[in-house]
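Presented sequentially are two complexes of chain A, the first with chain B as partner and the second with chain C.
Moving on, here comes the complex of A and B:
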């Protein structure tokens, strides 16, 4: 690359601007307080744990539904399950999200998914499966609380559910039992994808909030300006 | 022509009018035709519902009519169902009829039409069918959504074993739609380009979430759940009983559970026909029915199991009082427990007015169960008798209705232990008597009492010895348990011995034995007996008529084993002694005694034998003696014939022959290893010597002595070798021994005269130190009695110490460079303190480091010359050779920095070191002068490191040492 004097001045100006604004970053503007770092780490750990937990739960539950839902290469067209929040997102869109939006989407998604999970738990006939589902619901509830904690630590408000869009699980055969099974399948699949995405989200956030030591030094110096 | 035309016109008019009339008559609708036909469908039940009316009926008219209904599928001409439906019809009645389709109604379009026939007797025949109604089309597909693919029927519930027809409906005529049940593809029949039908026969239950059936093409998927329920079974073992006449507890075996997800489970209801009451049961296996307080006695209960597909019921009729199953008794206690009795009390729960119960008491103890029945009102007790002392019992009780037995209640029990009682039997006692030096040593043996006779823990045994000859003499011995015998020393009198066993409660009856002063028949011959697998069979002849019994005792040859005995009735003259302790190869001795009425034991017979004889495992240790040139003797007197593993019948002496022929008396035999031996047989087992004769002198023989028995002989392991001396060896010995003696005598004489011989033959060389001349010199010359001057010596060894020409080697001790010094003398370091060295004197120094210290301590040796000087402070460390070498190396290393390699390398110490001056801190400036000291030193070369002296270099420093010059070494 060809750096000229003008470029250097520009870079210097940019650096100064960054340094000037550093104290304004809420995540960094906490002296003495450990900050949201530990809670982000915990949230990240929880998502990884839930991923592991879901792997075994999904195996059991899909066997309970029977073939073709428990077949490893079963990849049906997404019938029904419109109310489930989609975890898949365009990479560019995902990159363009800011922390607040990212966390908000996570929070909303798990709120919906938890609601559907509870419905799943209500329908399950096998006692052992019900216990596993209840345990998983508790874990997801914990994740939701954890995300809320991170958001509060970063100073973001919790998303308010729009009237009429509050997630509810309505029992009853709105459609056939086969589609219900398909919904269950998609619920578990979306959960899996969401947990994977959340792990990436929190990993990204973690790295962002816990900058390397040199940057912290810079930040402290910035206070002296 | 005109007429023809008129007639023709009239004919045509007539014909026309007739046809008009006819058509008017025929086209007039018949009365009572079905009208207003409406068709509806029920998809879940796959039913078509028809409803219609019949007009033209008068107000109170009722006609019996038959309606014929036709159903077509896909097209009207494809009639699949025709049914005649007969029903009386009244005015304005709406008629209904339904039809269940095996094929889901959504799959294809159905068409329905109907016509009627009056079949009422009031209407005269002939009867005609009415006209068909128009076809009513039933197309369920119209109400479907816009999905591209459907599968029907949705979420159908069927029983196991049913045949189910399913279909898929595609919005577009595609051929690449595949369907599967679970993970198994299914193949159907195409009804139309968009519809295919599959028939599933004999469907089975797979899981409660239903069987998944689905169809898919690359872009779409649709499926259904087929719920296959197990067939509801009739409840089995339906039974009702009461515990308190207030409620009935009904139980049954429900069989298969027909529960499915999203489908309600089977439910159970109880119906009592007399009272007309019904109860929906909450559980699948049992149900409570509250008994009416109106003292209804007879009940007719019907249990109905029901699910969405089936209903099953079972009934029982019973009298309430005949189904009483009491609760288990309570408050069970045991009181007044003694050694043989106890009293058990308990209470029962009252059962209405029918409070008389039959209770069963069971006593478990000693592996037995004793049961008694007791009639009980509310409280009861039972006296348990004939119990064994010190025994743990479990007593249990259960009750049932006394009047109409239905079922026993559960058991309830208690455990108790009876108390101790005095032992009930005398201990079984036997004795062994030995006469030693005019006294009898009596060893008493007794067996511990069995638990049933001991009645508690035996604490001690009392032995009362009563001298029959002196009635007043009684001696009591108390022997603590668990001893099982004692030894008594009695004199030659007759004694009566009483043995009793005692526990904490009392004493057992006494067991009595009399020891007679007469030792009895000592001349009883010992017979042999052969044991079998069953034991030893013994028989004897009774000697006197008055006996109270016989005793057979036995003991193995091994004295460590204890005497065993068996008591026998007086009428017995034979017995078989069995014991697990009998071992093969062990000799057992049996003695048979008769017990007289005076309780004196008389020995009848003695037997000895083996349970199983075993071949000897060892041969006797044979000693060879009397070895001559023609014979030798063998002896094995230490060999005990009684302690072998079988009866020894004799011995075989084997001799390996030197020739083809055996010696006289020997037989040639082939041993197990195919070697040939000469065998001599000794028939007498007590003959334990044998003389082998007729041997050849100066030859070599091998022999073996082995016992033989009825089951074989000893091992043919090691033959003993004997070398026969020659005939004249003893003569030679007689000559050689005196000659040796003479030679020894001569040697002693020579020794005694050796001094004399020496003086005569080899006189001593005179010692100059001891010469008398010295005394004369002493007075005349100086006070150094020198015999020989060093200068006169011819050097035989050279010590190359250093070669330093212009180089600067720093000596640590001297702090001078060697160049500053006159290197005409060797540089010596005095390793040994020399302060006390008081001048020259006779001394002997060994360079060997091991002796350095000793020599130093003696103070007779002043120095050890080495090349490098060590500071005095280091001297103390150099007490061991290792330290010395280390120091040397260090010094070498220190000094090597300043000295070129190869210049200082080798220490050569002469055997006779020169005497050095006593100054330890300075390098010697004088060469060793005329040594007045005769020092003997070992030659030693100390190599230091890599450098080696170059012989070609000019050494300006040399040490000249002397060997002892002509002086004899001492």
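Moving on, here comes the complex of A and C:
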């Protein structure tokens, strides 16, 4: 079962790069755009749906990991060995984020998280669990597309991955089984927290953004789409 | 001339000696404070007096029976709260005060009850505590708040002794908070701790200023308005959703409506002429739990101008109100057969709707028996 060699890492890196660029494509198909309002609402609704989906998925996955991960009062210290995007942010900083930064942070977070999710390649997991994971990945991808749509509607450029800052893993020293499970635990926790944060982020965006439809159409033309 | 001065000196010296002697042998020290456990036995010695010294004990100035004495020591068995007081022992003959004990009867603290709540999200949260049973003696509490390995300050509430406040520095944290409390008094010590995630303790205060008003010319409507709780700091970015419940005073069952936004709602299925009780609760849209129910508002839907009881026109009015109270309660489900019958409101007499329901039931029974 030990095939975590260079090949897998390379494949994963490639996959992540592809995913990084993929959500940009749907944005090109936007026509007759009524303004970002409905798409912000849609994105908000998606975060709620994903949060609901994650609740049952996390329960099943933690049971698969076994104790102590599935114990309700499991409260490990966060060592920070995993390279997950952290939802936690200083209260004042969060409040004063401009719209572009707010959206960018969300977009980058879910791109990273999606990468990590796809890396949850559990051969030992039950088929049912693998299906749920795959379904959840698709939903996260949908969320990414939705965020991309909002950014495009507002004329913000999608964050392009710079060489060297791509969410790849270096084929480092093999993680012990326990440490790998810890990484999985934190991934699920961060996903849950990010979904709560995104709901709040999009609430804030909803209230602030009311651009007239004409101005938005002009924006799209200017970008040469 | 020289003679009076040495006499004065002697007099002063003698007086000083007497005072010193008196102080040594009748100590005016503050009473010794002693804490003892409820139900236990205690033996109070009379200071440094010998066991066989002849002493009298008084409690709060009242004589104590000599059968409680064991020599010069006072023995109290099965301490009760009433035993608390100032015990003094005197030399029997000279009434010279030998010793005083201020006795407090109490209990060691049981495990405290601690709870934390955020009604001011995202500003912060507060924790409050109490003891499940009284100790009857003074207790000191010590609260510590840990966020991962970081210690956070819990500021004491200016008004409430058993509450302190913590300010959030970071939001959307994956690390749990741990709040520990220790309580101690002269008889013992206890402690407890709770651990929770940032989101789970969010519970707003109930909505404020709930007002219900009748709607003119609409005998089945009530207009309800309320305000978001004033303690919720940022309803724009952290919107609340609301839950409204209402019932006529004469019935026990509540009707419920969940509202995702707005601070007003019109009830459209009120019974004409019946007084209603209405309450509202609030919850953050995504996280936490529902608030407690608000203070209740009372209102009666609009009715036509009241007439004097002696006029004949009163008769149809009374029939109307009786039928409405006996007709099956309208629910929010539109496919309820009862609702179809009472769509016309209080004008459908009870005697007609019953056969209709029976007929429907019979039809349904026949249909299902045909299908089997």
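Annotations
Heads up, the rule we're going with is that the second predicted complex is superposed on the first by the 164 of 225 C-alpha atoms of A that agree within 3 Å, B and C clash if a C-alpha of one lies under 4 Å from a C-alpha of the other, contacts with A are read in each partner's own complex, and residues count from 1 in each chain.
One rule holds for everything that comes next: a residue touches a chain if its C-beta (ideal position, glycine included) is under 8 Å from a C-beta of that chain, and two chains touch if they have at least 3 such contacts.
These figures come from a predicted structure and were not determined experimentally.
Once the complexes are laid over each other on chain A, chain B and chain C both fit without any clash. Contacts of A:176 after superposition on the shared chain: chain B is touched, whereas chain C is not. Judged by the touch definition given at the top, the superposed model places A:186 against chain C, while chain B stays out of reach. Applying the stated contact rule after C-alpha superposition, one finds that A:125 touches chain B and leaves chain C untouched.
Once the two complexes are overlaid on the shared chain, A:77 sits against chain B and chain C alike. Between chain B and chain C, the partner in contact with more residues of chain A is C. By the touch criterion defined above, A:68 reaches chain B but does not reach chain C. When both complexes are overlaid on chain A, the residue A:91 reaches chain C alone and has no touch with chain B.
The least CA distance from chain B to chain C in the superposed model is 7 Å. The residues of chain A shared by its contacts with chain B and with chain C are 77. Residues 48, 51, 73, 75, 77-78, 86-91, 94-95, 186, 189-190, 193-194, 196-197, 199-200, 203-204, 207 of chain A are the ones touching chain C in the complex.
Within the complex, the chain C residues that touch chain A are 122, 148-149, 168-176, 178, 195, 199, 236-239, 285-287. Taken in their complex, chain B has these residues touching chain A: 151, 154-155, 180, 182-183, 206-212, 214, 216, 219-225, 259, 261-262.
Residues 64-69, 71, 76-77, 79, 123, 125, 173, 176-178, 181-182 of chain A are the ones that touch chain B when the two sit in their complex.
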